[in-house]
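Got some structures for you, see below.
In the two complexes below, chain A is the common chain; its partner is chain B in one and chain C in the other.
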Partner chain A sequence: MRPRVSTVLRHRIGAVSVTFLVLVALLAVFGPLLAPYDPLQQNQDALLQGPSAQHLLGTDNLGRDELSRLLAGSRLSLLAALEAVVVGLVLGTVPGLLSVYLGRAFEWTTLRVMDAFVTLPFLVFAVAMTALLGNGLTQAMLAVGILVSPAFYRVTRAAAFPVAGSQYVEAARLTGASAWFVLRRHVWPKVLPAVAVTTATTLGSSLVIVSSLTFLGIGIRPPEPTWGGMLATSLEYLFPRPTAPLAPALLVILTVGACNGLADTLRDVTGVSARSSRKEKVRAAA
Partner chain B sequence: MSDLVEVRDLAVSLGRGRARREILHGVDLTVRPGEIVGLIGETGSGKTTLARSLLGLNRIDRGTVSVTGTDVGGLRGGALRAFRRAGSVQYVFQDPLQSLDPDLPLGRSVGEALEVRGSSQIADRVAEALARVGLDPALAARRPAEVSGGQRQRAAIARAMITEPRLLICDEPVSALDASSRTAVLELLLRLRDPHRGTAAGEAGRVGGHRTGQLFISHDLGSVAGVTDRIAVLYHGRIVEAGATAQIIGDPTHPYTRLLVGSAPTLDGAGLDRAARAVLRAQLV
Partner chain C sequence: MSRLIRLAAALAVLVVTLAGCAGANAGASSQTLKWGFNLPTSWDPVTSSTGNDINTISLVYASLTQLDEKGTAGPGLAESWTYNADGTAVTFVLRPGLTFTDGTPLDADAVRQSLLRGKTQENSLLKDQLATISDVTADDPTHVTLHLAAPDYQVPNLLAGKTGAIVSPAAFTKDPGAIPTAPVGAGPFKFESFVPESKATLVKNPDYWDAGDVEIERLELTAGTDPTSVIAAVQSGALDVATITGRQVEQAKAAGLEVDVVDSFTVNQVDVHSGLAPLTDRRVVDALKYAVDRQAILDVTNGGIGNVTYQPFPQGYVAYNKALDQAYAYDPAKAKAMLAAAGYAPGSLSLTVTVNSVAQSTAELVQQQLQAVGVNATIKVVPPGSSTWQQEVYLGRKAQFALDGTVGRESPVQNLGVVYGPQGLMNTSKEASPEFLAALDEVRRTPLDDPRYPEVLQNAVKLGVEMSPSFSLGTSPRIAVRNPRVSPLPHFLSQYRWEGVTVAAPGSRA
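So, the complex of A and B:
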């Protein structure tokens, strides 16, 4: 069954997760416009200030408004995570589907390449890519996208394999249907739920990786604001501003939690479908 | 009259590497227009392999397979797809629950061949095909799990008949059905021998008025005897006996056929007692 928005919204966790993710997406789009101050503007008279009417989340060590930086950093952090997901989705799903159709040589080759990707550590590979292609979040997340592609490859292949060998696909082939027709009509709808769950999970994990990389200063050029970068800066001044890391950390935690909540709901929705099909089989056998 | 199916000295192997073995060893078979030919044999005798070879689903080691005048064994890639798209040969699977996409309404599955061919008025023709097999066209909106086993198999037959095929291959079409559905489907297959009689398409002269030949595969002798004109008996990949249905059922000559006929359950029990069956089995070794 295709995961529909209305079905997801009927689940409490799904509804909360989707609502939160939509809010975060709106922040990413309109955040810079809503920011009360220029996120890069320094103010030597307001260093490390606590929350106040002028600065709702306080200021950092250079007097920059934390709320404005948080809003401006949303776009960069989320776009980077999305980039990794899109790269992983394309690099994993397409060969995953093709491996079922293009014969054993293609299947063997893609399986070995994916096995090789699985062995690479995220941070080291991302650092190596930025060293090779130049320091930037795009380059770093390209590396992350490559390394998350095996997850998409495996779920796509696992979902497509039994469908490709099913009788209804054979029946379609016997009508002279092209591989593209079969893929679009019969295979993709069965693969979509698994891919949707993986996309939601990977979006959360990619956000953690983006935050980790930017926390370490990899892939960003100061003074660009990011959630991870803000967290790193605020930790340096923990003694004068002990609450400063709360806002960026909470935003990362809640967004990742929302992604995982959405993934769980999507899994539940498709799980309901699997249970009903078992019931149907029992009914048919009876 | 030219044959719809002409199989000569067909040998087919399946499997890979060391596991590869010959399943069919020099099979000959013919099906004429409007004729229903039964192919019987025990599980593993090669019935389905032979049927799949008629559709170009198996590579042929030796021999020729001519279906509606086309050498199917020589077709590859685009030529094979074009042959299938023409719709002159259709296949009815054993289990309709598996052969119909569980997520698609029946109408979409039934009309799939027309969609592949880019035909027009698909909804009307789907309704007509469903009506022809005795189904309410309103069932087109239902999914396979929402109808009975008999209705599902009728829908599968409607899918096969929508292209007005010259040859219909039915692979154990009633073995997954209960007794009443089985009888209804068998009657339907008999009626479909001349599918256009009495239909709007037939009356309008849209179709050529051809009579559909059928290859009816089964291990159930009772079903085969009820609908077929001729029977071919397949044993260990070889046709050991072929002839008119009455002759095969009434006076079988090969020990395997005699065993098969004698083992068929009747109200009085099997036709042959245990000792007679043991003697026939000994002759087969």
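So, the complex of A and C:
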């Protein structure tokens, strides 16, 4: 079953998750316009101030308005997470589909490459990539995208495998349908629900990775605000500003929770099974 | 009745005995100090790769000389030294009866072997520092002579740190590969155990030449304490002493802990590469020196602790030149005018500020200050790692304007060489004027006890500061938080030292 927005919204968790994610997306698009102050403007007369009417979330160690930085940071944090998802989606889904059709050599090679990716730790690989290609979030998330691609590869392959060998696909081929037609018309609709669920969960996990990297100072181009970067700075000033980490931390937690809630709902409404049959598993992993 | 009396007497004896035992235990544990600090990159002074390591390496090794509170070389393993007439050889007189912690004698031949290892071992990182020494001879068990390539009266300073730390020849002859993890020296403490990346345990060395001044019986060195939890660690007793930043002083005091702010050799500076446009124009470089508000940096990033300085030495040190007190005082109007004179209208000059990930706030502050004089600055954060900064700034020399700092060196000439010398690590331009080099040479040729020495040295500092495109920002004192049961730490410019430090029983104050 193809995922439809209306079906998702009928589920309570799905509705809450989608609503929250839309809000976050709106923040990412219009956040800088809503910001009460310039998020980069320093004010040495207002360092580390607590929440007040002037600064609803207080100010940071350089006197910048925390709310404005949080709003401005939404775009960068989400775009970086999206970058990882798109890279993983392309690098995982395309070879996953092709591995079913292009013969054993391609299948064996892509499986081994994906196995190799699975062994690499996200953060260490991302740090290594930034050291090699330059310290930027784009480089770091490219690395993360590469490492999340096996998830897309495996779900795509697992969903495509039984379809590729089905009788109606055989019939379509016998009637002269091209491989592209078969993929588009018969295989992709079966693969899409699983990919949608994986996309939602990967978006959440990518956001955690983005926040972790920016928390560590990797990929940040100061003074651009990010949620992870704000969290790291606020932890250095816990004594004068004990509540400062709450806003960026909550935003990360709730956004990741919304992604996971959406993934759960998609799984429920599309009937994607968390556990594929043993037979399919064995064939897909072979 | 007599049985009752005997029972009471026996109980009394038992109570007194137990009390005595408890007292003895309390006394032993009270002299255990738990210190939170970075473990050295190597416990071998020959392969240790950062200047900061002297703080921990000096726990297990003694050096030929030792810097006093003001940074002046004084007796260490050597009780005295004398130069020959032309300053090309210096003979150190060792204290009699010295031994390493492995029981072997620390005599002139051991000193000779240890210093020569630093000169010849393939992976030695002391080769450059020891280049001034051409040979070492043991004249008799207590007299060792260092033959120099040229007159150099800085050798007693040079040998006060890692360079002059003496390693047991018996240990490094047997297995040089073991020294980085199992050091054998003759320092105030004997190495007991070491867990890499975690902790090291040391016990007092009763044969140390100055053992009478060391009260601590056992020192546990713990690494990796998170800065955000370090104060809680001291408060809970997990640590007794740890290093904090100026921003944490208020929090430490509020937690009922003691704070020692100790002047140190560390000076923050900007490494300017004058070989990279637009910094090839000296007028631009000079304008930048006036554009940075050093006091604001200290106030915002270090809680106002530290002093603005325009030279790579702290006030009170012999090299500190008072004539430079206002050398490049913050003057944005002057900076703007200088940039305009160089042909740069506001907004037309762009440069990149390079910084490591822990000093990001400083970079953001400097970026805004440069913006105020019309310079568009982009910040480049170098990822954490032991070699990334070297590749970007020191060896790669890709940084135009790098926020850096020197932890200082035992010899002021050595420090000037690192900061301003033509091959100096922090001199990314790799240029130095003949006048500066001549002045530096004159310092080397001037005995430390010559009345002219301070003037000659300070002159070299002035020439270095005026010549160099790089510029100093401010001092960075060593800030230690300690449990009140630990007595105040002694103030040494060069490093942490523990002579005279006592640890009272838990719950009491030193």
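A few notes on this one:
We take it that the second predicted complex is superposed on the first by the 271 of 286 C-alpha atoms of A that agree within 3 Å, B and C clash if a C-alpha of one lies under 4 Å from a C-alpha of the other, contacts with A are read in each partner's own complex, and residues count from 1 in each chain.
Quick note on the criterion: contacts are C-beta pairs under 8 Å (C-beta built on N, C-alpha and C of every residue); 3 or more make two chains touch, one makes a residue touch a chain.
Quantities reported herein were computed from a predicted structural model and do not represent experimental measurements.
In the overlay built on the shared chain, the residue A:G176 is in contact with chain B alone; chain C does not reach it. Of the two partner chains placed by superposition, A:T243 touches none, neither chain B nor chain C.
Using the contact criterion defined above for the overlaid structures, shared-chain residue A:T138 touches neither chain B nor chain C, since it reaches no partner. Legend: residue contacts after superposition of the two complexes on their common chain; A:Q167 is shown touching chain B, with no touch to chain C. When both complexes are overlaid on chain A, the residue A:S52 reaches neither chain B nor chain C. Applying the stated contact rule after C-alpha superposition, one finds that A:H186 touches chain B and leaves chain C untouched. Counting contacts as defined above, no chain A residue meets chain B in one complex and chain C in the other.
The part of chain B that touches chain A in the complex is made up of residues 55, 57, 81-87, 90-91, 93, 95, 97-104, 109, 112-113, 116-117, 145, 149, 159, 163. Residues of chain C touching chain A in their complex: 227-228, 247-248, 250-251, 254, 296, 299-300, 357-358, 360-361, 363-365, 367-368, 378-385, 388. Here chain A touches chain B in the complex through residues 1, 166-168, 170-178, 181, 185-186, 189-190, 277, 280-281, 283-284, going by the rule given at the top.
Residues of chain A that touch chain C in their complex: 42, 44, 47, 61-62, 127, 130-131, 135, 216-218, 220-223, 233, 235-240.
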